[in-house]
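Both of the next two complexes hold chain A, though its partner changes from chain B to chain C.
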Partner chain A sequence: MSKVIKILGTGCPKCKQMTALVEEVVNENNIDAQVVKVEDIMDIMTYNVLTTPVLVIDENITVKGRVPGKQEILELIK
Partner chain B sequence: MQPAVEICPGTTLGKVREGALIVDVRRPEEVAEVTFDVPNYLHIPISELEDRINEIPRDKEIVMVCLSGERSLRTTYYLMNAGYQNVYNMRDGIIKWAAKGFPIKGNAEALAQYASCDCSKPNCC
Partner chain C sequence: MFDWIVRMADWIVYDVLHLRQGKHLTEALHFFIYDTVKILLLLFVIVFLMGIVNSYFPIDKVRNYLSRKKLYGLEYLMASLFGVVTPFCSCSSVPLFIGFVKGGIPLGVTFAFLVTSPLVNEVAVGLFLGLFGWKTTLIYVLSGILLGTISGMILQRLRLERYLTPWVKQVLTNAQREQDAFVAGKQTFKQRLPIIWQETRNILKGVVPYVIVGIAIGGLMHGYIPEGFFERYMSKSNIFAVPVATLLAVPMYSNASGILPVVQVLVAKGIPLGTAIAFMMGVVGLSLPEAMLLKKVMTFKLIGIFFGVVTLCIIISGYIFNVIF
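Our next item is the complex of A and B:
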């Protein structure tokens, strides 16, 4: 089943960096996943997070407040 | 979820004079440069808020503040999610507060570097 990967962030550079890295990892590894950017603050706060960016995989918060490397992203997604 | 109530620096000052507490969530080094010169003030960096939320009283009006109002908006929702009833976010942060000539301590010129903040600083968000 296709994974749903959400990047929560209000558009700051780190949020954009995380989005780009996640898309690279998904494309390079032919992962069946939908990458969704969540930029609305009320939508972000339904996850009750204080620091961004946040990586959410199938509704599980996996990374908060930092940009993980591609290898870490790959391990989290797989 | 209800939208957070956002107020301007002028309304914030009025609330502070009536006993509201300002909670500043900026990093310590930001506060060391310039900060709010008000009696009802609490500094809890956003990175410590989860652990220190119990320091924020539930029986007072609370105004969350930061540099530009973005980080404090997240913390406003965080407090709302924790059941706080009278919590507000101050729009535009200490940048606007200082520009209005409201009381500050420290070097106001330090804020000039952020006047056109594009959020590109490593720890800004």
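Our next item is the complex of A and C:
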């Protein structure tokens, strides 16, 4: 089953950076995943987070408030 | 403590480049090398230390603490203190704001945090230490905490809930003391270190270019502007200096790290410290991009009141500093 990777962020530079990195990791490793950007603040708040960007994998919050490295993203998605 | 950097700068300027002592260009270059090495070193140390603190005391813990503990009036001070150790990215200000009010934290306390957190951040503290020494840094940090506390108290008094955007009001009515205790990930320091290290690198990567450009400009000014040059225009007796400096500072933001080295030279050349600190607080603490983001949760009127109160407090503290020093 394909994974759903969500990136929560209101469109700040860090959020864009995280999205780009996640997409790179997914493409480079041929991972069967759907990358979704959640930009609406009301949707973001349903996750009860205080800092952005947030990386959500299959509805599990993994990283929040910082941009992880590619290696870390890969390990989280796998 | 920094003698070795002076000797290193001496060596590069006089021995390697064979420049003659006493010339403007030579002095400017010497200043540039010394300042760059010293400031980057201190910046690195502070950012790294704050990274460690933050790893053990993340924002979720702050929220839970403020939301659950009864603090009998001290909550403004506590929120302000937490603001010091919590790094702040203006892009997080909206979720942070909502998260706080949702947790039942009063608006004024939330504001106290929102004022101090960007004002006393790791980059500003690191730069202050490198540029002005520990005494001025301490004054800056303490006044930043006080400023957040007092602004928060004033803003709470004004009963501003009615100026929130409708959907935030809705969130407020459903607000409750969050019961879920923050489950701290049990990680060893060794496990945390790579993440702290990476964050330190990310932060430094973002500010170092600005800092270096700022020091270069400062270095040039240092060598070419005569001592006491600004005293004529910006003396303590000029009552407009503080408000003008503060108002000029509010629109400046992304280049705050580049502005500080320049301001340091201005102080050395005769601008009163209080005026300079007011200016820097305006640069670091209030930013228009942040105001634009806050529009999602606050009406223009509320943003105006928020910025107005903080600006006023900054101006007052600028005057106070000028009287003390």
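Criterion: the second predicted complex is superposed on the first by the 78 of 78 C-alpha atoms of A that agree within 3 Å, B and C clash if a C-alpha of one lies under 4 Å from a C-alpha of the other, contacts with A are read in each partner's own complex, and residues count from 1 in each chain.
Going forward, contacts are C-beta pairs under 8 Å (C-beta built on N, C-alpha and C of every residue); 3 or more make two chains touch, one makes a residue touch a chain.
The structure displayed is predicted, hence computed values, not measured ones.
Of the two partner chains placed by superposition, chain B and chain C are both touched by A:P13.
By the touch criterion stated above, A:R66 is placed in contact with chain C alone, chain B being left untouched.
Legend: residue contacts after superposition of the two complexes on their common chain; A:T46 is shown touching chain B, with no touch to chain C.
Applying the stated touch rule to the two superposed structures, the overlap between the chain B and chain C interfaces on chain A comprises residues 9-15, 41-42, 44-45, 48-52, 65. Contact residues of chain C toward chain A in the complex are 58-60, 63, 89-92, 94-96, 98-100, 102, 167, 171, 195, 198-199, 202, 293, 296-297. Within the complex formed with chain A, the residues of chain B that make contact are 1, 3, 46-47, 49-50, 70, 73-75, 77-78, 81, 119-120, 124-125. Only residues 9-15, 41-42, 44-46, 48-53, 65 of chain A touch chain B when the two sit together in their complex. Residue ranges of chain A in contact with chain C, taken from their complex: 9-15, 41-42, 44-45, 48-52, 65-69.
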